[in-house]
Amino acid sequence: MSERILKKEDINKFYEAASKTYKFYGPVREKGNIIFKEISNPEDLVLDYFNSKIPPKEIVLPRTETLFEYEMKGNDIIINDDVVPDEKVLLFGIRPCDAYSFTLLETFFKEGKYQDDLFIKRRKNTTLIGIGCNEPKSTCFCTSVNTHPHDKENVDVFLTDLKDKYLVVPISEKGKDLVKDLNWLEKATEKDLEKALKLSETAELSIKTKLDLKDLHEFLMKNFNSELWKESSQSCIGCGTCAFLCPTCSCFDVIDEEDKYNNRGRRVRVWDTCQFCIYTLHTSGHNPRPGRIQRFRNRILHKFSYYPIKQGLIGCVGCGRCIQYCPVNNDLRKIINKFNELKNKEKEEMVVA
Amino acid sequence: MPNPYVPKLTTIKSIKAENKVNDIKTFELVFKKEEDLKEFNYIPGQFAELSLLGKGECPIGIASSPTEEGSIKFTIKKMGTVTTAFHECEKGQVVGVRGPLGNGWPVEDMKGKNIVIIGGGFAFSTLRSLTEYLLDDKNRKNYGDITVIYGNRDSGEVLYKEDLERWQKRDDIQVVLTIDREEEGWNGKVGFVAPIVKEVAPSSDNAVALVCGPPIMIKTTIAVLEELKFKDEQILNSLEMRMKCGIGKCGRCNIGDKYVCVDGPVFSLAELKQMPNEY
Amino acid sequence: MSNIQKENEEIERFIREVSRDLFKENKVDLIIGYGKGSIPFNTTPIFISEENDIDKLIWNNFCYINLSRYLLPSLNDFIRENKDKNLKIGVISKGCTARSIIQLIIENQIKPENVVIIGMECNGILNRKKIEKEFGDLEITDILINGDNIIVKGDKFEKELAFNDYLSELCKACKIRAPPISSKVSDIIVGKSQEVSSIEEDDFSDISEFESKSSEEKWAHISELLKDCTRCYACREACPFCYCNLCFIDQNLPTWFSKTSNLGEIVIFHMIRALHVAGRCVACGACSNACPMGIDLTIITRKLEKIVKERFDFTAGLDLDTLPPMMTFKMDDKEEFMLEED
Amino acid sequence: MNEIKNEDLKVNVHEAESNEEWEPKIIAFLCNWCSYAGADLAGVSRIQYPPSIRIVRVPCSGRVNPFFIVKSLTDGWDGVIVSGCHPGDCHYISGNLVARRRFAILKDLLEFFGIERDRVHFMWASAAEGERFAKLVTKVTKLVKGFGPNKKFVKKW
């Protein structure tokens, strides 16, 4: 049996052990917001959190990331392309939905003719310690998108919060190695396992939002010009909240920065979103997605149509951040449900005919 | 693994002003390293991300043909940040090149067919690359009749004048030039591209039409081609989109689930009709 | 404050009544108002074109969005598409919403004949981010108002908080709760309004403490305030006055300021945005309330109001006659800040 | 990750003070008709003033977009001067009056955001006031020197 028990009072000990080899990231509370941050003091860790506000994708896809640096020496240009630090990162306390987003992002950055090696390197250096979600919020809908609150698949080590202790389950090879080194961890009993299983079941049952996303991608594409888009995008103000707080949104902008005085510079990428008008604006002034409708539609379709068509997976992990933080409360669930209604209506009409 | 965002370094070998207004220039670039040139295997219609370090990067279609060895050429119009910076460049300056990117014109599938090349204005650069490629001694025998129709606003805007003259002297290609309004000393045709296509285009049997130009020209020309019984699969288009990474990761050039930078920029009309109208 | 819940109900009844009358008399084609949100401390803008839907209009203390931004053709696809139809659009207007509409009329962004200001007397907007932060990230299932208190309910908790402590800072200082009315705008305002002359003077005492700090302290405070900014531009997009076709931060010929998460760049974005809305900002607080990270831009907003009031004796959006300060000048403007010889 | 760390928030303006040699770099936007001519006059009259300023000639002080000033600060200039014609003397009648309102707000805001008030200066100097120009530049140089190098907006490398 490879399951172990980590007592909550031993978190410090665990931190001491892990921080020797890893940069230790964990959830902390900063100005009332939970965020994942590098921990220098294990006391800062917040363990009774629901989820972070900014998704942990930040760790593998930083808000501002240098793509390469250059320096001009006379006529020579020296390019430094090895910009991703060779440090191992341990992400403690990632929720299963966000862990699933790491898998989605990885498939996206690996697919196709070109691979994003910067992302891949960061991802490779990251070890995920997931903690099961015992009390999902009403905005969560992870069970509708191929994952669930105790999904163990996408993490290296999975923890279940058993009130005063964690049940530690190593999942991947990386995780097994990590747990092996922590030989002071007690073995788990049958009772603990049972308890964890029960928690997992209760958590799954407590998710009330169910979205029917089966075959939706084809239907959405068929209804590309539906009036429903107009209706649901009307209140959208076109900010980037939903995208920036989305664990699977990965679009970026590329910017050059120049240090004129020292003849050097760097090319960086920063988060960007299809909600901004400038995102697709051509230099000529032509904009393929000129209005809120098109831009709003693009984001929804990217998640629920283009992702399924290309990767065979829904590009959403059901974390509910966009629902919670949208400034105008333009609820994603409402939009999906509207289309489902339309779909069912059409189906019924077909049957009648 | 190599970092896909790092450009290969080249230097500007020559700069040639192409039009009277002097806002279109052709830059000839030579790679600093021999092996970079060898790795840069492209077909006409592909593009590359050109960058001026510290200024930015922009996608530009390759104007030279793979048959012209030793250097690569790009025709750049002064438009935005990077292209303006390019126009301020001098010979010998270092330019970063990332590429070749995109799918390019399907030169293999076009073998044995009659080819109609229709270009308008500044968008002629990748078509120039293609024509040059087709006319190369090694390739000419693989293709049927070649017709080039090239329209411009006025004679001052006509790009690649020397190349056009050279082609016009050959008897295995028909070159038709047109300008929008009558002008003194102009030998070619006068009128928009679409009616000229109607006039000179060969039959649609075993033919393929390649269209590249401003949106309104594409629209009218496609209408004419359809009238001439060209099927959707026989009409090829090269699209333009705002791009950043050029390798399908930054997300902005999507039309539906297709990325113009990876799946395009060349699409057949049949493919375009499948895609949402967001280009 | 006596009974906020009762006030809310009254306001709700009032706006429904006025809206219904407008529809009945065929005076509007569309009404933009607040509708029930899908999570407890949120409301969503709704667009009503039929009398039957009037009961969807609600009022509570989370109606923080400034609805006037939906009137702008450049920002609202629906309005843009129907521009030629000369639609009459009614907007449920708090004092600040009405002021921004008047300001937008001055700026020639909307035509007075296309708007009907449905005036109401606002009883204050709660700072939902502050409430949220009070409970970490526990889920709030319901928020009720009881007398002078708000009761926040969750699955495992219930807590009573004083209404006034969680009132948005801007609302605490607000002197114009109902649409200001003057002769030129009187025909586009229905419902409640207040005479411009009856508006109290503002003393801006709430920011004097910050102003007295040293520049190091100010910088530290501002940096700490803004460092969480993710540059999602929700503040910009929620603002009725940020309607530029191309925001300065997006301009690239030349590229003025970079979009990285460098602290200096973030501060610059917020400072220049403030500069651009100076003399136009009506202190509606939509920017602060829209921010997903809970950054409270109140002090900046208040400072803007103060600068404009003290330097140019101007309050944005009061009437159509006075030109906003940045559109005009006077020979004898104060110039104590200019450098002089010792 | 957010690049900002807590230690970055503290700016040590006095760091460079130990270095007595440090001379501030000040950018001056001078209007073509008055102040630029004034600076010229200061030069031809051989009036001594610190060599700290670099001049950008602009058609009018009204041409000076606040971006210029803020951008100068981000680019690492330690101080900024904008100088135009005295009120009433503007070559374009009212350019300087429009600019004055703009600068008033900018200056208040910069101060509010924690940029030292005396890093950014606005002044009037006519074509005949070479001496005044030199005196004011001397004064600005002295003030800016007191603050040390500008660090708050400057990009970190």
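As written, the chain order gives the labels A, B, C and D, with residue 1 at the start of each chain.
Here, a residue touches a chain if its C-beta (ideal position, glycine included) is under 8 Å from a C-beta of that chain, and two chains touch if they have at least 3 such contacts.
None of these values were measured; they are calculated from a predicted model.
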Higher-contact pair (C-beta pairs counted), A-D versus A-B: A-B
Centre-to-centre distance between chain C and chain B (centres being mean Cα positions), rounded to whole Å: 50
Euclidean distance of C-alpha centroids - chain A vs chain D, Å: 46
Geometric centre distance via CA averages, chain B-chain A, whole Å: 39
Sites on chain C at which at least two other chains make contact: 228, 255, 258, 260-262
Residues of chain A engaged with two or more neighbouring chains: 63-64, 253, 255, 257, 260
Residues within chain B bordering two or more other chains: 80
Pairs of chains, among all present, that meet the touch criterion: A-B, A-C, A-D, B-C, C-D
Chain B - residues contacting chain C, complex: 80-81, 84
Residues on chain D engaged by chain A in the complex (per definition of touch): 1-3, 75-76, 155, 157
Residues of chain A that touch chain D when the two form their complex: 38, 58-59, 62-64, 257, 259-262, 264
Residue ranges of chain B in contact with chain A within the complex: 1-6, 9, 51, 53-57, 79-80, 83, 94, 215, 240-242, 244-245, 247-257, 262, 276, 278-279
Residues of chain C that touch chain A when the two form their complex: 37-39, 42-47, 65, 69-70, 75-78, 80, 129, 132-134, 136-139, 141, 155, 228, 230-234, 236-238, 245-246, 250, 255, 258-262, 289-294
